[in-house]
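Think of it as A, B and C in the order they're written, each chain with its own count starting at 1.
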Amino acid sequence: MTLDWHPLLLSLRVASAALVLVVVAGTLTARAMTGREFPGKDVVDGLLVLPLVLPPVVTGFLLLFLLGRNGPVGSLLERVFGVQLLFTLHAATLAAAVVSFPLMYQSAKAAFQAVDRRLEDAARTLGAGEARVFLTVTLPLAWPGLVAGTVLAFARSLGEFGATVMVAGNIPGETTTIPLAIFFAADAGEMRAAGAYALLISVVCMALVVGLNAWTRRRVPGWRRGGGRRA
Amino acid sequence: MLRLSWLPLLALTTCGSPPAHQQGPVRLTVSAAASLREALTEIEPLFEARSPGTDLRLNFGASGALRQQIEQGARVDVFVSAAERPMDELTVRGLVDSATRRVLAGNELVLVVPSAEPSPVRSFAELASPRVRRVAIGAPASVPAGEYARETLRSLGIERAVSGKTVYAQNVRQVLAYVESGNVDAGIVYRTDAAVSGRVRVVAAAPPASHRPVTYMVAVVSSTRYPREARALGAFLLGTESRSVLRRHGFRLPETAPAEP
Amino acid sequence: MGAGGVLEVRVSRRLPDFVLEVDFTVRDEILVLFGPSGAGKTMTLRLIAGLERPDSGEVMLNGRTLVSRERHVWVPPRERRCGFVFQDTALFPHLDVTRNVLYGARLKGEAARERLEHLLERFRIRHLARRYPAELSGGEVQRVALARALMTDPDVLLLDEPFSSLDLETRRAVQDEVAAAHETWRIPFVFVTHDREEAEQLGDRMVFLRGGRQVHEAAREG
């Protein structure tokens, strides 16, 4: 049996593209949401985390409604740019990004909240503007949490099925990512192909998690190793 | 007081568990090709009226997927396939009773487009044009209509040109839904499916020679617990009442008394 | 180094339990803000540094308005030139001593290097230059924090109970360090403490805060 490698490549492409969106959006949103109070903050926070608790199929359904040719976003794109998002790899990417966003957002928020606010204040009194405070103090201190969120979001994107199947369709070699390939192969009774893909994706995800664990254990920065006084 | 209150409970337990084969409804599970949904749903009460005590459970899906479920041991009594191949595969394995296998009906493959807006598609050949961005057909591995559609595309010499824009659906009804919503430019379905929807327009029929004939098969599943009732259903489906329903829904019918070809 | 500095503070700010109202002026001296915990001492420093906004009033440093609600002036903390030594120091845990001290350098290149060397020498922390804060003792941490705050050439130095977690002996030593630094830099120091002995030891002048109000002001005798 020769295995079609397209699904793996497509999954990696989808997950990588989604990751770029999710890391940027998740980090900035988390930053904006920490250390700020405004009315309705709980509701906004709930909305941002919603895709994590909703069944992915519901997220997919909403996206299908929005992106469809007669949907509010889909019809706009069609009229203005003449493009159709549904049943393309972009739709798969968008679905993966929406579903994995809360993982990045939650991790980043927890990481930012754990950063001592006085350190940021100290940087300000030392003449640092907000951008420098963020880049030189907040980000390095929140780093491990951000990396964990990134890996989780990537793994989630790689395995996204429920929302993807609604909006990406099943176009072999174009939108059929590994989870879709597994589903359609099993549906057609091609159990060996389904099993091979399942094994493949499990190995990739496992490698990611093991790699993350190894990284967090090995790459402990000097200042975290300390703790005792050497003098 | 205490003794009294036990009485109804006792009554319940003694008559609540009669031997299954004597009383209570016989539940027949019918796995049928998705394209038969409307027709079979209409036939169901007709049959139940004829056979009191028999209750039909209809399970619709792609014939290949239904075959798959039966192979995996799903409790099914009667299988109605939209093609010969899934039925053949089950027959070879002895999973359906070959003595009960019959041709139920035939169907036609057509090209449909959304009826809401003017469509550039007027023929199968135009599917190859770059103006057509998405075409939906059933996944050939599990949906017979998809298999037939691919045969037609191949015999018209446009299979390769269309393959990069083909969205494979899990069953014929999903193809129809994709076309209805306008999310694909065209789809290939059975004529009977096209007739069900008010939101698609048939623009062409596939030349009969371009694909193997669409043949619906019915057979009793070997593992059924109710062989008698299952055979009765099989016979009923081939009978006059059922035939008139099928005809009304646009199926073509075998000409003479049903027999294995 | 500096000469003729003057810090004028007249602000009020609503807090959960009371309204903080302070009004004092600091020249080239060490003003001790003294009072029980929760009297508004830390908030006063944060208002001066621009880490909080007052509800009304203004803060002036050497004739420059840092904040004024009435005149709608707001200078962000990074432009205020207020050195700040936090309670428990707030050294950056991920930077070594050198990079902590250099963080607020206004000078560039060689000049910054020279100033750094001078401060490491001055506060006897040169041998710790490559260490991370977690590897320092309590007294060392405070000396690094002082060096870091003074590296910015501040016009005023604000110290928020910097020695509250030190043992008595270390505390004495760093108090002397602060007094000596004031002799050298000659800029207004505002020193917050709830320890009377420390207040009397260091302060040229003392403002006593309770429940957000200045209840007493005293100058060192003699």
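Keep in mind that, in the parts below, contacts are C-beta pairs under 8 Å (C-beta built on N, C-alpha and C of every residue); 3 or more make two chains touch, one makes a residue touch a chain.
Note that the coordinates shown come from a computational prediction; the quantities given were computed from them, not determined experimentally.
If each chain is drawn as a node and touching chains are joined, the picture is a simple open line. In this assembly, the chain whose C-alpha centre lies farthest from subunit A is C. The chain occupying the central position, as judged from C-alpha centroids, is A.
Remark: subunit A and subunit B have CA centroids separated by 40 Å (rounded to whole angstrom). One simple way to say how far apart two chains are is to compare their mean CA positions; for subunit B and subunit C this gives 82 Å.
The distance from the centre of subunit A to the centre of subunit C, each centre being the mean of the chain's C-alpha atoms, comes to 43 Å.
Put simply, subunit B touches subunit A in their complex at residues 62, 64-65, 67-68, 71, 133-134, 136, 139, 141-142, 164-170, 178, 181-184. Of all residues in subunit A, those touching subunit C in their complex are 116, 118-119, 121-129, 136-137, 140-141, 221-224, 226-231.
Across the interface of their complex, subunit B is touched by residues 68-70, 84, 86-87, 169-174, 184-185, 187-190 of subunit A.
Across the complex, subunit C meets subunit A through its residues 46, 49-51, 76-80, 82-84, 86, 88, 90-96, 103-104, 106, 131-137, 140, 148-149, 152.
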